[in-house]
Amino acid sequence: MAADVHNKGGATWDTAKGGLAAVERMRSDRSDSPTPGLVEGTEPGAGQEHTMFVHAQSFEDLTADSESNPDAELTGNRRSAVGDSEEVQEGQGVELQGGSTGNEAGEQKQWAGQQRGLRPAREEDVTGEAWRAHRKHVFVLSEAGKPIYTRYGTEEALSTIMGVMMALVSFVEAEKNIIRSIHADGYRVVFLHKSPLVLVGVSRSSQSERELSRELQYVYYQIVSLLTLTQLDHVFRHKQNYDLRRLLAGSEHLTDNLLRMLEYDPGLLLNAVTSLPLASVARDALSAGLQVARAKSLVFSILLAGSRLVTLVRKKDQYLHHMDLHLLFNLVGSSSSFREGEGWTPICLPKFNTAGFFHAHISYLEPASNLCLILVSTDREDFFNLSDCRRRFLERLRRRSAYKALQEALHSPTYPVSQVGIPELWHFVYKSKSSGLYTSPELPVPYQGEEEHERLIRLYRYLHSCLHHPTRPLRSMYRSGNTENLFAWATSGFELYLCFSPLGTKALAMSAVTKLLKWIRKEEDRLFILNPLTY
Amino acid sequence: MISPRMASGMQEKQYTPSLLSFFIYNPKFGPREGEEEKKILFYHPSEVEKNEKIRNVGLCEAIVQFTRTFCPRKPAKSLHTQKNRQFFLEPEENFWMVMVVRNPMIEKPNKDGKPPTVEYQEEELLDSVYGAVLQQCYSMYKIFNSTFNRAVETGGVELLIQKLEKFFYRYLQTIHLQSCDLLDVFGGISFLPLDKMTYLKIQSFVNKVEENLSLVKYTAFLYNDQLIWSGLEQDDMRILYKYLTTSLFPRHSEPELAGRDSPLRPEVMGNLLHYGRFLTGPATLKDPDAKFRFPKIFVNTEDRSEELHLIVYKAMSAAVCFMINASVELTREFCEQMDALVGPQLTLLASDICEQYNINRRISGPEKEPQFKFIYFNHMNLAEKSTIHMRKTAGASLSSVHPDLMKILGDINCDFARVDEDEEIIVKAMTDYWVVGKKSDQRELYVILNQKNANLIEVNDEVKRLCSTQFNNIFFLD
Amino acid sequence: ESENEYYLELTENPVQFENASSVNNVFFDEANKQVFAVRSGGATGVVVKGPDDKSSVAFRMEDKGEVKCIKFSLGNKILALCYCIYDKLSISKEDTQCCECRNTKYTKNASVLGFCWTNWNEIVFVTDQGIEFYQVLHDKRTLKMLKSQSINVNWYIYCPEPAVLLLSTTVQGNVLQPFAFKNGTMSKMPKFEIELPMVPKPAKLNLSERDIAVATIYGQLYVVYLKHHSRTTNSSGAEVVLYHLPREGSCKKTHVLKLNTTGKFALNVVDNLVVVHHQSSQTSIIFDIKLKEPDCAVNVHQPVLPARSIHPYKIPLTGFPALLWCFSLNTHLDSSTWSVFQPDIIISASEGYLWYLQVKLQPTVNLLQDKGKLMEFLLRRRDCKMVILSVCSQMLVGGDDKGNLPVVATVFDKLNRVYKEYLEAEQAYSVAMESGSSRFSNSYKRPIRTQAVIDQSDMYTHVLSEFTEKKDVSHKFIIAVLMEYIRSLNQFQITVQHYLYELVIKTLVQHNLFYMLHQFLQYHVLSDSKPLACLLLSLESTYPPAHQLSLDMLKRLSTANDEIVEVLLSKQQVLGALRFVRSVGGHDNVSARKFLDAARQTNDAMLFYTIFRFFEQRNLRLRANPAFNPGEHCEEHVAYFKEVFGEQSLMKPATI
């Protein structure tokens, strides 16, 4: 089944180009904040030599698009991969013309295969209270105002509303202006026009406009990751009011799942991933294992334990972007099909290159465990090579003691905050900027309910957006409320978010920070990936 | 408006926010195709071409309609675009007021003669502030004209249109968008701290006058632009206070300072002389053909709307507002009677208060600590206190701290407004200023500390100290 | 003149005695206020009626001729008689066995004018040539001469309290020589001259005994001189001139009371008022020498009130149907049967009645329009309290007719001045008592609280509380009045009682004037107190800000931390309460159970978790173990915690 899925023109050289592009961006985006204190790269959790990720995915970087100048925005050409996407389009164009039906059928099969009843019943009365009451709506539509996605209810039922949305967008743009958001008591509507798509978010939470539009970008890239921007542009250039759902049918659950991740995974907020706590010896052994099990077309080897990174090995000079990694996580996390065997699927990693497809070999090392191996290759014909890499890695692994350590680690993928030894400290999130990794203890009892969990993340999100305000950022923020006391602190080296008992004092918060940083330093080789490897 | 500043070696022009347009419409007035123009009751700038007016109104209607799909009862309050922000207010059913403010922008000249690139600063305007400014526009209209509906009832749409023209033409020139800040959100009243005895004297003065001149329905007493007593209900007083302190008083203060202006020479009443004079109505009673017309105000418009003459009488720094049922014709006799009765007493009181006032000053020591500046507001009685703002000049009240800090205060205020529970927020800005926001049972306190290398604990102690000196007589949750 | 305009009246129950007749002579002794009815020279008995029945005596004595003067010594110890025909004196003890003692010493041709007891056993004889001061040794039945003074005397007046004897000397009789007596000593006081309206040629006795009285007014001794009108000096009419007769120093003319009329007059002094009866008009007028006349010199006084007759007195005639018999004193002034005695006694010998003259205050209220003056007048009277209070109520119900408020203000100020003076005296006294040193304690005597002291509870119960109930009075005026009263109290630095504040609040609330109330509290016009704070709390339902106001008040009281905690807990602000307790450093002693209970009631698991943890840590800090003591009775909460958050969430001693 995989065969006809990936006979698309994701040519190696343009990924290489994409890679280069990425590297350039890496330099340009290094946020050199003037903050004194820990020098970047020396903070607890900082990687030893080179890091794994495109660097300093500061909040500003992600929203940069929407900040940038309008005309570029309107005409919708993308920064990266403008040049190279041209050629690709030709090729794809032909492909599409030729077997477009087949393609679509195939895709539908594929997505459907992954989905299998994951998406809950979506029939909802879009005029009813229940529908309005949803905390966050997300809509995607084409520039022709055609519905592409809605988080709740069915696109059909919402076509008129989406029509209005498009009308508003274009009305304002007619004045050489850009609509950003509408604010009312208790909710806000945020617009994001990324040609050829228009995304609209409606949030009832106190979430800031910027945060919301950032999440819309995630959704945008999620869609791009399925089709590549090149193909998107192409489709709409040829058929203005094309119904994109025909291409995306069955993929809604990916977006659904992504949106859920955004609700409770601080990683997407911080542009970082967290790793499985593991003794560095064991981790290094695993990394070495992946390093050995290489293939010429292999760009990234990623070992996951659920949503936690165990290790990642990459081609020299090729960096993976968090967002792309999160999209991979999302792909894996939202599809049960990969448990049934080795999956082989094309995927565009938009932050790497919006124009072309990679090909991901996805498989669980054991049926029972949630150890998942993702091998990303540039070669659409590479399935069997990669399958072989997997085998080699496994064989080597089974012989190593590291394997046992890994097994144990899997049983306790996290740790209680009490290990830090500060009674009033209930929870925290620590991000090492240079390694792009974060660590955070398991949720304390009162936050384990879904409601409270999401609330806590919302609080962190609130702190985050205050610290990273585009025009008046803050060094630190202390907030004492009726449910918890919060403290957030950003330096050039790290970001720290703490949640205390509301009866904790400021003095306590101060001492806690020092104590916590010591503790993390002590634990860093277990909590972080200090020695990332390349092939 | 334009403040050039040096940046990156090249000359940049910075433009402060400005009023792009301001209009009032009622969709019910022109429901049918082609009748759209009828909806528009007021539009500034008036010279805008008709179809554009209609288009902009249309957009607003569309926005409002659109948001109703997500919350029928709470439609849009503002629209953010790259270049400007639009603020919507529906003060009376189907009557919409819209204010469009252009974002501040920086004009960066380009080398080799390319046209300068304009950069809009989209994060600078605070919705809460300009929403409040719009609300103020309505309140100010209402206190001098009563409600929109009432105008329509009495004189039809034509009358309403006239009133709006007449009022807003002048009013819009007086709002200074660039100097609006948190204080506009509060719309508070600054009360004069006063010892009990002096206060009681004022009480008894007011009571005696009201008894003697039974026409007087309400009285308000101010000193140095600070309120001491209000017989009006809080909400009416709030807006009247705004009018007095930002419009009426400043207009009259100048001549006083200049020392000319005849009323300043004391009137001799019987055996004691007094400095009383009317700020509204006749400039001087001596003028044989002086007109005894006073501005009219409308209060309690929610229930039984009352129309009143507004007499403002001042002696030295003490000003009294006497409000009299508008149905009564005010005569020279009455004014002379009032002058004779109030003038001498008020003069005495004024000097009493002045004495007390100076005593308090001496006690409280130097005006404000250099270490911190603060804003205090109490939602319960609208009491407001700011060491950040200079004395209000006509319209604008100048803040003495960096605008970014003021905006941080605004952000914190928005956060407080979101949930109705006690909260405290302490932030350290990139400029290393500390900003503290405290909310305790309807009270809000904002402190800006300039102790760059203090830590959270020291800052907290500093604020505690402030509370114990400035606010030890009220209950502030720690 | 209507019934309620008589401001002078005679006592209800006069002293009755056998009326004077050919066989019955009547005498009056001002010293003991006793009336002697001597029937046929005493042979058929002497009946002595005093002001009260105790002091009335009856006895017989042999007739030795016409009695000139008869008096008991103080306490009815010794009786002294003086006969007319031959200048013989007889002293007798009350057992009627009598001893005549012919006094050898004094000169043949001196004629006795009279005598007066200065003590129970000391007596002064006054003759036209001098005075002799004796002590009676009644067991020896002899007199012992203590002192004597020879001086020409025209007539004399004796004022028993304080024992001062006034002698009229010189030809014209207008030089008065006072003597003061004090247990066994007689001291000569500086003499002084009464200015006569005109000097007659040739000089002759020109100052009649009838025109002079001696009386104590406001605790000072005055010689009261009724100065008749004279055609030569163009005075507006007769005057009463007061000469102040101090203990030490010489006598000075201090007050002139303008009668503004001429004719015959008589004087009384009642309740420190000088009452002047005028014959021809049959009316009387009163003067208050403390009442300052604003528009004339300090010591010249006009009548306080318009002239009015004394309230008609009804004498029941036995046998006849009771008939109203209009007592018009003045018609009888000349006839000997009607006589006026100091200070306040009027006797009708012919009818056999002795009355005390009294001032009725109620009528004065309507006669004296100037309320301020009225108050001053009333405040100096003996039984003024109820009248004053009634004046107040009346003045308020008089309602909000223009310009009433300033009057109210002045009245309140006058009342509170007196009130304050008393409080200060009280205070000084108690201070002296505390300082306890003996020399103070006896020199200070507790200040007597006169009726003029109208305190806040008087005002509250008799005037304000019912006034505020009045429906027909505008609430504006009611509040104005209350504020005036509070203002006045404050002006005199009198601490206001909270029930007055409650009255204010009640009234404001009744009329929904919450914003006014708020402003008052804002300026601490209503001073802080726990009761007030509680009252405010009770208002919260109708006026939410009251909650904040009362919390502020409790905070200012600084003794009400417990109350604050209670208030917060009652509002389910458990966290706030605990934070507050901590801020005042009480968090180690509060009851964990109390807060856990409160937290439970909120059904907020998060909150309960927080509070529970807090106390676990407290336990840990205080006794190195997070577990609760049995004494704290938190078992159920521990159980609940386990149930909700699981056993493992309990804090382990190990975690530290």
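Every chain is named by a letter (A, B and C) in the order it is written, and numbering of its residues begins at 1.
We adopt the following convention: a residue touches a chain if its C-beta (ideal position, glycine included) is under 8 Å from a C-beta of that chain, and two chains touch if they have at least 3 such contacts.
These figures come from a predicted structure and were not determined experimentally.
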item: Most centrally placed chain, judged by C-alpha centres; value: B
item: Winner on C-beta contact pairs when A-C is weighed against B-C; value: B-C
item: Distance between chain centroids, defined by C-alpha means - chain A, chain B (Å); value: 47
item: Intercentroid distance (Cα basis), chain C paired with chain A, Å; value: 94
item: Centre-to-centre distance between chain C and chain B (centres being mean Cα positions), rounded to whole Å; value: 58
item: Where chain C touches two or more other chains, by residue; value: 579, 582
item: Per-residue overlap in chain B, given as positions that touch at least 2 other chains; value: 422
item: Residues of chain A touching at least two other chains; value: 482
item: Residues of chain B that touch chain C when the two form their complex; value: 191, 194, 196-197, 199-201, 203-204, 207-208, 210-212, 214, 229-231, 233-234, 380-381, 383, 422, 441-443, 473-475, 477-478
item: Interfacial residue positions of chain C with respect to chain A in the complex; value: 575, 578-579, 582, 605-607, 609-611, 613-614, 617, 620, 645-646, 649, 651, 655-656
item: Residue ranges of chain A touching chain C (in the complex, touch as defined); value: 418, 421, 423-424, 445-446, 452, 482-483, 501-503
item: Residue ranges of chain B touching chain A (in the complex, touch as defined); value: 59, 62-63, 65-67, 69-71, 74-84, 117, 121-124, 127, 404, 407-408, 411, 415, 418, 421-430, 432, 455-457, 460
item: Interface residues, chain C side, partner chain B - complex; value: 400, 402-406, 409, 476-477, 479-480, 483-484, 486-487, 490-491, 515-516, 518-519, 522-525, 545, 547-549, 551-552, 554-556, 564, 573, 576, 579-580, 582-583
